[in-house]
Amino acid sequence: MAEIEFREAIRDALAEELERDERVVVFGEDVAAAGGVFVTTPGLFEKFGPERVFDTPISELALAGAAFGSAVCGLRPVIEIMFGDFLPLVMDSLVNQASKYFYISNEQASVPLVVRSAVGAGGRFGAIHSQSPVTWFQAVPGLKLVAPSTPSDAKALLKGAIRDDNPVLFLEHKRLYSLKEEVIGHGSEVIGLGSAAVRREGSDVTLVSVMKGVHDCLAAAELLASDGIDAEVIDLRTLRPLDRGAIAESLSKTNRLAAVEEGPRTGGWAGEVLAVAAEESLDDVDDLWRITTPEHPIPYSPTLEDAFLPGAEAIAASVRARLGVAAGRS
Amino acid sequence: MAEIEFREAIRDALAEELERDERVVVFGEDVAAAGGVFVTTPGLFEKFGPERVFDTPISELALAGAAFGSAVCGLRPVIEIMFGDFLPLVMDSLVNQASKYFYISNEQASVPLVVRSAVGAGGRFGAIHSQSPVTWFQAVPGLKLVAPSTPSDAKALLKGAIRDDNPVLFLEHKRLYSLKEEVIGHGSEVIGLGSAAVRREGSDVTLVSVMKGVHDCLAAAELLASDGIDAEVIDLRTLRPLDRGAIAESLSKTNRLAAVEEGPRTGGWAGEVLAVAAEESLDDVDDLWRITTPEHPIPYSPTLEDAFLPGAEAIAASVRARLGVAAGRS
Amino acid sequence: MTRAQAAKPSAVPDREEALELYRRMLIIRRFEDTVQDLFLKGQVHGTTHLYSGQEAVAVGVCSVLAENDRVAGTYRGHGHALALGVEPQGLLDELLGRATGVCGGRAGSMNVIDLEHRLIGCFGIVGGSIAAATGAALALKREGGVAVAFFGDGATNQGYFHECLNFARVFRLPAVYVCENNLYGEFTPYEQVTAGEIRARAETLDISSQTIDGNDVFGVQAAAREAVDRARAGEGPCFIEALTYRYVGHSRSDPGRYRKPGELDEWRARDPLIRAREAIGDTAEVDRAVEAQIAQVIENALAAPFPSPDPDAREFKDG
Amino acid sequence: MTRAQAAKPSAVPDREEALELYRRMLIIRRFEDTVQDLFLKGQVHGTTHLYSGQEAVAVGVCSVLAENDRVAGTYRGHGHALALGVEPQGLLDELLGRATGVCGGRAGSMNVIDLEHRLIGCFGIVGGSIAAATGAALALKREGGVAVAFFGDGATNQGYFHECLNFARVFRLPAVYVCENNLYGEFTPYEQVTAGEIRARAETLDISSQTIDGNDVFGVQAAAREAVDRARAGEGPCFIEALTYRYVGHSRSDPGRYRKPGELDEWRARDPLIRAREAIGDTAEVDRAVEAQIAQVIENALAAPFPSPDPDAREFKDG
């Protein structure tokens, strides 16, 4: 059974979709000749040539505009915005144009484009190369928002995103790029967007997260197991549409839920998870809370950044505190 | 007692602050010679001259950059971004630069700038001139977010925003510009940012909103009163910082809360309100829900737009339904 | 820049084609008069930006486009739409928010989309049409199509302008960028906010560029033909600055106080319709036909149903 | 553009000043060598973008600035900072994430801010320095100060470049825009993604512009003096394109495969330090002093404390 790295999964998904559908094109800054600054696109340029895979000027407004306009006219562009922090520069095309087109055109056409972007902290990249800008985009009808946590999901969801007829923002967490996974099956699955996955079954508390946070939750669950707390871990995978059913189902079992977000508490997507839980499952709820970063920008210094991020220990500690359990009790 | 229009309140606040502090400058597209497309800035150019009040090219990136850079160097700029829908173009300067400066500079300096912008639907301006883009900005530490509902608040909060040392996004709802109010007091109050106001006391259910929504909630409360439902109406006024205490306090009295947002449900600020309520007041809670717009772009046609927006009737109906009360029961 | 500087001898096409160009311009003019009327009567909602005075630009440019070409217009887009052959009926219905509008009443004046008629959209964000057309050109390159962006003088101060023109030149995209320089962006004279010459901005990016008299429909047609042919031939993007003038306010609430004394009259004297008529001679038949057509369109439009709120309106396109 | 085209005769200042320019360049070079070293040893984190090879630009430009001038640098900003007199100690401490760093370890390599030394920031967003300096110029105009933006060739394809230069010209802001054309934006040769000539983009906006040899510190100084004087005199913004080259990869993970054969060696032969030394003569004393200074800085930096997590770090500045 072969192992696959997260970044390879991205590349394979792109290669397979480029192969399958000639309307697919891939462009961005240094994605072609250089193979991407995070090494997610090597070989694509060589294989598919400069009409299908190309390097652009450092012009995010134009990149996004080109993606939008070409998608309206029959291509299925996949663009790379190197860091999620640069997404404000594509937001007008993505939010004001692409996401509204299907509805305001009275469904004359949809806009099948994918914006891939590397997000997340922990790499000592500082405040403006480390954000996870989910919440800038979560309240945008017409836009789908994918945030995978594993190589096989990344591949299947990226293929799903490319085949989706709607604009999709596809977030790749920098600290997952080197993650390896045994590939099960033939590796060409496609996952439609909008379904969560239960990563660990548990009965005492539900931990909900995405991307790197899912791994932190799984590690926290192991820590908690030794305290006799049996945590369920849900990987939302897609933040819009949000799999509300998965949240309700898990809550009906555990009655307690913490949403773990790599981002500030106020206004984050974790708040949406709590709101859905409160709105739809209040009778099932004994406790709902968020585990997030502090409310200030992401610091550079390793000591500051490590303390800033909600890692496994912090998650476990928060669960213990909220459940009134002392560490190592069991 | 003089009456003051919302748009006059804005102008007066600007005039008084321009007068008070020569570091204050006002610029934007057609704000000077023409007095603003929403007639919020007439007379300022004539009074304070072209060094303090000026018309810019249609260059939102430059406008925002100029606001940021000049605020770092000692000015207190107030810029106008004509429609909130154009805010993506200022987001990089606002979110990546201005909001992070205080923290990452290790508190060497803060960035006292205000971005004023007209938001909101109901004016038949269509999908891309009607948004209330609160949630693009609510999860941004370092940025304050003001959304007033009355002329006197608009004035006092805008003065507060200009005097605040942090970047502030100040939202003005288009359908409030012509709202008139009797001015009480001498009219030169300043409200610091971050405190909600109780607009109506009630004991059965709390309605939380901002801007135009507050008026809809008040009207809904009147309708509900005739059904024997006594609604409390909270005007958050500032969405970041959020007055969490005001939410908790009201809930401790009413045990039921609906957040009324002119925007889509998923990822909206109303979700944040529910999350805060769930996280901090769960024991007080009998019901929590959101009254929002449908999850698609804002339609142009009057029939569609009217049905799209959560007006007083819709709010009252939702409260009745959620409380299990038939209309006109009492 | 004065009209004289920009004027080029223009080749008048044969009478039939000339009449057709005239007819399209007249439809736009009458349509806009109608909109203005209905607006004042409260039948057209929100805001509108009329194209009156600028008709020769859209009509001249669109007259040379082929079936697989595409156009991005602006919020001042009724002219762009009608020049492409969008049905006046569907367009007026849209402005009135009727179910029978080209976008079912969902889009309104600023955002009209009619793919069947090659209009990929009207863009309410200044500069948005430039971005959309640049992307369209990327797609059309494969099949020999050309994308046209219409935009104003003010839009040349947007980042989109610079980034997209550079992008198009670097990839030799088949795009034609048509700047309608009507001297003002909203209430602000363009010279006051625009450094240097507009045409030079495109030229500097090594884009083939010309400044033309935007009120001479035959001249516009000739210039557009040259540009579109070049673009289609794979020689990369072209830029046209068309000097023109809008007769009514920027949008409904604008009394036009910023106009220089006499300016409006001067431009009215060079009205694109008058000038076309001078070249063509008798147009009475077309005049009557258009009059009748528009009258019918208004009648139908006012009788058309409003859309019913659709509780199941879809956010996403289904799988 | 070749170096020959850009070369101008440069006036060498008196020995003392020349030595001072040399010293500053050498500090930058040694500092960057140190950073590279420490990076490989895992002491500097994340990513860094080194200034080695480009020293003459920052040093030449900053040497003519007055006390009330301000500078915006880039993520490749160690050179900009050191040229302004930011303490090497505080800067290295910052890169190592130490509490004693100029920003307490909060900012890191890409975002250094040191207001005391006139550095309003280093900007990680390509084009961000242009925006920041434009705003700074707006404020400085009142008090006779000048704002300088450093940025790369790649940044001239950003919307910020176009919008801000137009903005600065329209308002005659005292801004000097210094484009460090090092031939590449990351891994991409600039000619491949840049239509037309870079300098012409500023010229077209009616901005006084020059292309200079960016490896000749005395020439840079002369050009900068002219530009800064003009800006300070109220004549509006100026633009300088400085032709230069970076010796190391764009950032840490870049092996530089894109370089043309022999290119690096050619540029090393025109090393700004070597050329300054040629003009100055003996520099042994300065060489030794800088060596000692940097050695001390490294020692201190490695011993400095890391910041303790501050649970009460503030989001907002208090009232």
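Things worth noting here:
Chains here go by letter, A, B, C and D, matching the order in which they are written, and residues are numbered from 1 within each.
The rule we apply is simple: a residue touches a chain if its C-beta (ideal position, glycine included) is under 8 Å from a C-beta of that chain, and two chains touch if they have at least 3 such contacts.
Computed from a predicted model, the values in this text were never measured in an experiment.
Chains that touch both subunit C and subunit D are the following: A, B. Chain centres were defined as the mean of their Cα atoms; on that basis the chain farthest from subunit B turns out to be D. Averaged C-alpha coordinates put the centre of subunit B at 36 Å from the centre of subunit C. Centroids of subunit B and subunit D (each the mean of its C-alpha atoms) stand 41 Å apart. Per-chain Cα centroids separate subunit A from subunit B by 30 Å.
In subunit D, the residues that reach two or more other chains under the touch definition are 104, 106-107, 111, 125, 157-160, 163, 166, 170, 192-194, 313-315. Contacts with at least two other chains are made by residues 56-57, 59-61, 85-86, 89, 92, 96, 103-104, 126-128, 141-142, 241, 295-297, 299-300 of subunit A. Chain-to-chain contact here is organised exhaustively, every possible pair of chains being in touch. The part of subunit D that touches subunit C in the complex is made up of residues 157-163, 165-166, 169-170, 192-197, 200-201, 203-207.
The touching residues of subunit A, counted against subunit C in their complex, run 25, 51, 54, 56-57, 59-75, 77, 92-93, 96-97, 101-110, 141-142, 144, 164-166, 192, 241. Here subunit D touches subunit A in the complex through residues 45-47, 97-99, 101, 104-111, 124-127, 154-155, 157-159, 185-188, 192-194, 253, 257-258, 306-311, 313-315, going by the rule given at the top.
Against subunit A, in their complex, subunit B makes its touches with residues 85-86, 88-89, 91-92, 95-96, 99-100, 103-104, 126-128, 135-142, 240-242, 263-264, 266-272, 274-279, 282, 285, 287-290, 295-297, 299-300.
On the side of subunit C, the complex with subunit A involves touching residues 70, 72, 102-104, 106-107, 111, 113-116, 120-121, 123, 125, 128, 130-140, 142, 145, 147, 159-160, 163-164, 166-167, 170-171, 313-319.
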